[in-house]
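Each of the next two complexes has chain A plus one more chain, namely chain B in the first and chain C in the second.
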Partner chain A sequence: MESIKLKKITSVWIIAVLTLFVASIVLGILMRLNQGGVLHQAPITFYSNMTIHGITMIGIWFVAGMAGINYLMERYVKTSYTANLIALILTVSGVLMLWAVTLIGKFHTAWTFLYPLPLRVMWAQWATPTFLVAMSILATGWLIWGISMMTQVLKVYSIPQVFAWQHFKKDPAVKTPPFILISMITLVGVVTCLLVAVLLMALYFAEYFSKGNFVNDALLMKNLTYFFGHTIANEMLYLGLAVIYELFSEVGGKPKWKTTWYVALAWNFTLIFILTAFFHHLYMDFVQPEGFQIAGQIASYLASLPAAAVTVFSVWVAVYRVKIKWTLTNLLFFVGVAGWVIGGFGAVIDATISNNIVLHNTQWVPAHFHTYNILGNVLFSLGFFYWFSIQFTDKRVSEKLSRLILSLLIIGGAGFLLAFYIGGADSIPRRFSNYPAEFTTARPLANIGAVFATVYLIPILILFYNISKRCLKILFSSS
Partner chain B sequence: MQQSSILLLFLFLMGIALIVFIYIFMSSKRADQGMSNPLKKRFWFFLILTIIMGIFASVTIPKSPYFAFADKTPAKVIHVAAMQFSFFLSEKAIDRDKPSGQKIELPANEVIEFRVTSFDVNHGFAIYDKSNRLITQTQAMPGYVNRLRYKFKEPGEYNILCLEYCGVAHQLMRSSFIVK
Partner chain C sequence: MFKNIVLLLLIFGFCNFADAQTTSTALKEETNIYERVYDAPLQVVGQESATFDELYAQRPVILALIFTRCTGICNPFLVKLKESLQFKDGDDSFRVMVLSFDPRDNLSDMHRLAQNLGLEENEQWAFAITDSISELTQSVGFDPVWDSARRQFDHDALLVGINREGYITKKLIGLRERGDLDLLTGSINNVFVPTYRLQNQNMLFSCFNYDPVTGKNKPGLGLIFLALPAVLTASLLISISILVRRSRR
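Moving on, here comes the complex of A and B:
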């Protein structure tokens, strides 16, 4: 069973994630208000805020997923508290450094920090090396955490078993729980992309300290950056799905989902496709070999097939004409799956090369990734956070309040996202602090986005108060 | 226009997804035996999805910009060098040490090739038409030259914007050319 220490550290993760989430949403709203002409930030402030907004959002929802699977994994294998603690300490250190680098040092490369932008110092001299050190610290902490969890799983299950290969035969002697299968598939992807991040940082350090004697290749660096960035942003979604596979039926009062041959097959394929889909970020780099470009489109399409046919369909089967005990947890999961599917449509459209040429780096990009984050992955993790926080108390969020929270999340999220989608269709560029006059719809759309993002923030604040209060109790209780 | 069709397609797909999810959610209120024969339905769902995506991929991949006018000889070649925070366009190769550009006029209905590079960081090279619609783009990457081919049908002034975030004045980085 979960130890007291694990409960406490999970509580710390949850409080930290929610605090940073609220702060980052506020930064996002300020950015939209600036684009709308309501605020008049200096461009350097806008771009510094944009950089830390992106890095924080990716970081927190990744660790939220990791903390979630670590907590649930204790049901199957003993996990390492030390690795969890090291990851927490290194994450807090890295995040504090990154906030200092951007808000004090005015480092503003955007979260994608495309080479060689970080090396062209347009900010405090200390900011570039501190940024590289902070990213290395985060990658190290998360690698230790990921490898530790994989090692612990492999102490109980063999390699074929963690990938559920025995399920390709009839009546396997050992049954791999879906949670273990998905966690392991995801952790392999996580560790792979973090190793690439370490390589990327090493190449940056090599150039930084070589004083011009060593220069990196821009195309290679872009491939490495997106291998890391795209993969981690997608794997964090799969961490959320592992939690859904474990909890969706349980919370609804139904028997646990089982691994079957098609579940095993789908997730094994997902691992391959997700590691090659990042090529779609380089469609507009025509010097990239055409084979990679085509592979990028095919892998992006194929990555969505097993996920849709297995996960989405499994959720439908679990709900269709089945008496379910609906709570805030499984409602968040259900709405999150719908948001993930809709964001997936936006992503597949953008991952089509002939569409990408008129959508790349327009507001269509933030439109689709915000969809599967704010109405997908975030809801998966919020569902877990809420479920975790009520484990040790009798008090629940009332049905009325649950309805209000969900309604505001959906209304706020949908309005905020539609402003981005329409902006994308209007060819409005993303990542502009202010818009030239010819983009007549850019300002009103930005302000509409800001208003709806504020509506989205209300339920987040309610959940922040509600969940953090319970987590603080867990943190300071003696049992 | 391509963007409008894309938005309509997205809204259509979103509508279908919403209807399915709401229908399934509502069905849990009149619960009975659950879904009959889910494995068979899952197979058909997967098959239909695969066929739709297969058709979509086979129709769209040949329309990728890498194959556009690949067998044609361009009527004009324009060299483009991007630097924080301006573009240089020239009919001659651009000197990295003393970059300079010229006013560009292009013929309508002829294949034009843009040879796009960067002298510092990554930039975008995006062409907007008279109605301010993004019509084509490529990236400007240091150390590489991206060749973008396009045939302009309408005469008029076309704007160029940087679409890859490149620093504090990214939003101001722009240029233009005339098609006659």
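Moving on, here comes the complex of A and C:
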């Protein structure tokens, strides 16, 4: 059973994530208003905000997923509180440094910090080394956490069992819970991409301090950057899915989902192909050999489509003509799966080489990744946060308020995303602080996006208040 | 807590090292790319005075920065440029602007230089001076250093490609061949130029090693780095599994 210490630390994670989420949404709205010409920020301010918005969002929803699986994993294996605490301390230190680096130091490479940008110091001198240190601290903390969870699972399940290989035969003696399967597959990806991050930081440090005696290969650095960035952004979704596989049926008052051969197969595909799907970020890099580009397209399909198909199938079977108990938790999960699939579809369109030639670096890109985040992964974690917060209290969000929250999330989210999608289809480039007059639709679309994002912010604030209040109670309670 | 204090100390340490960083020499051609060149007032040999933006708006410009009292690179640089550009004779898609960065130079010095090079009548070439040279050199990332002992400037042989909108699209340093100049004239005419920094002895881990003789790429050490993290994770997984085997039983 979950210990008191685990409950408390999970509460801290949740409050921290929600606080940073609200702050980052505000930055996002300011960016959209600036693109719409309502605000007139200096370009450096816009790009510093964009950088910290991107890094924070990726970071918080990654740790939200990790905290979620850590909490639920305690049902199957004993997890390490120390590793969880180290990750928390290092995350807080890293995040504080990153906010200082961008908002005070004006570091503005975008969250992808593509080589050689961090080394072309156009900001406070201290910002580049502090950024590299902050990223190293985060990678170290998360590596410790990830490896620790992997170790605890391996204490109970063997390697073939964690990957559910015995399910490829009939009537396996040991049954791997889907939660363990997906968590482990995700942790392997997480550890791999964090090792990439450590390597990447080491190469940056080497060039930074070598005074020109050591230079990096831009192609290697870009490959490593997306190996890390793309993989972590995807793995955090799978952390959320592990939570859904564990809780969806339980919350609805139904028996737990089971691992079958096709669930095992689909997730094993994800294990392998997610590690090479990042090649689709280099379609425009003519120095990358063609074979890698083709591998990128195939891996993008194989990493996402089978896992999406079995998840949608599982959710569909669980709800279609089945009487289940709907609560805010499983409603958030349900809408989240829909958002994930729609966003994933947008991503697969973009990952297809012939389409990427048109869509590359247009607003189609923020359109699709915001879809599976704001209407996908964020809802997975919010569902978990809400479920966690009501575990220890009788008070629930009323049905009326639940409906309001969901409606505003969907309306706000869909409007915000649609403005990006239409912009993308109209070839409006992404990452512009201001749009020249030639892009006639860019400004109105940005302002429409800002209005809908504000609508999205309302239910987030309600949930923030509601969940944080309960988490604070858990944090300060003695039992 | 202790860990946090150590980390903070480390950060301070790094901050103090911050100015150890200098722009790598290999990136010199990349500085100021896509920035606007300073709109300097120019006096052009044999023409009316004009501002720089009036000139590049007519045709894209290849800017060559020299000084007439130069006893070093300037003359070979211009001779080589003339020679390398012969294949573009009569091409009116660009203009070569030879500009003095030495305030001592006047129009007759530049006129003489044009005569010596046999380019006085050449439509493609213009020779000019400006009274705003420091703003202009700064805007293109050109940094000549005055050596008072030799009474000479220490400087790069720099060509700056500027398109019709006044943006620097490409820079070349040194005496360059026809192929490079072809890329330069393409880039100032907004043609996409696929270029990639060649590996040098300071670049230890490139993904591919290009052989200029055969024109082929060979796999490099960098590719190992791409595979390494996955191999490490797999080894880690197997090692942990073996180490904790006992607790599983």
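The rule we apply is simple: the second predicted complex is superposed on the first by the 479 of 479 C-alpha atoms of A that agree within 3 Å, B and C clash if a C-alpha of one lies under 4 Å from a C-alpha of the other, contacts with A are read in each partner's own complex, and residues count from 1 in each chain.
Assume contacts are C-beta pairs under 8 Å (C-beta built on N, C-alpha and C of every residue); 3 or more make two chains touch, one makes a residue touch a chain.
Only a predicted model underlies this, so the values are computations on that prediction, with no experimental measurement involved.
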Clash-or-fit label for the pair chain B, chain C on chain A: clash
Touching partner for A:A303 - first (chain B), second (chain C), both, neither: neither
Which superposed partner A:V188 touches (first chain B, second chain C, both, neither): second
Contacts of A:L199 with chain B and chain C, given as first, second, both or neither: second
Partner chain in contact with A:I159 - chain B first, chain C second, else both or neither: second
Contacts of A:M66 with chain B and chain C, given as first, second, both or neither: neither
First, second, both or neither for A:T130, with chain B first and chain C second: second
Which superposed partner A:I324 touches (first chain B, second chain C, both, neither): first
Between chain B and chain C, more extensive residue contact with chain A: B
First, second, both or neither for A:V95, with chain B first and chain C second: neither
Partner chain(s) touched by A:A16 [first = chain B, second = chain C, both, neither]: neither
When the two complexes are fitted on chain A, the stretch of chain C hitting chain B, from 3-11, 129-137, 165-173 or 219-227: 165-173
Common ground on chain A, meaning residues reached by chain C in one complex and by chain B in the other: 116, 120, 217-219, 286-287
Complex contacts: residues of chain B adjacent to chain A: 2-4, 6-7, 9-10, 13-14, 17-18, 20-21, 24-25, 27-28, 30-35, 38, 41-42, 45-46, 49-50, 53, 56-57, 60-61, 63-66, 84, 120-122, 124, 126, 128, 132-139, 141-148, 159, 161, 163-171, 174
Chain B-facing residues of chain A, complex: 43-44, 47, 108-110, 112, 114-117, 120, 122, 217-219, 222, 262, 284-287, 290, 293-294, 297-298, 301, 304-305, 308-309, 313, 316-317, 319-324, 326, 334, 337-338, 341-342, 345-346, 348-349, 352-355, 357-362, 364, 421-422, 424-427, 429, 431-436, 438-439
Interfacial residue positions of chain A with respect to chain C in the complex: 86, 89-90, 93, 97, 116, 119-121, 125-126, 128-130, 132-133, 137, 147, 150-151, 154-159, 188, 191-193, 195-196, 199, 203, 207-220, 223-224, 227, 275, 286-287, 289
Partner chain A, residues of chain C touching it in the complex: 3-4, 7, 10-11, 14-15, 17-27, 30, 194, 196-197, 199-200, 202-208, 217, 220, 222, 225-226, 228-230, 232-233, 236-238, 240-241, 244, 247-248
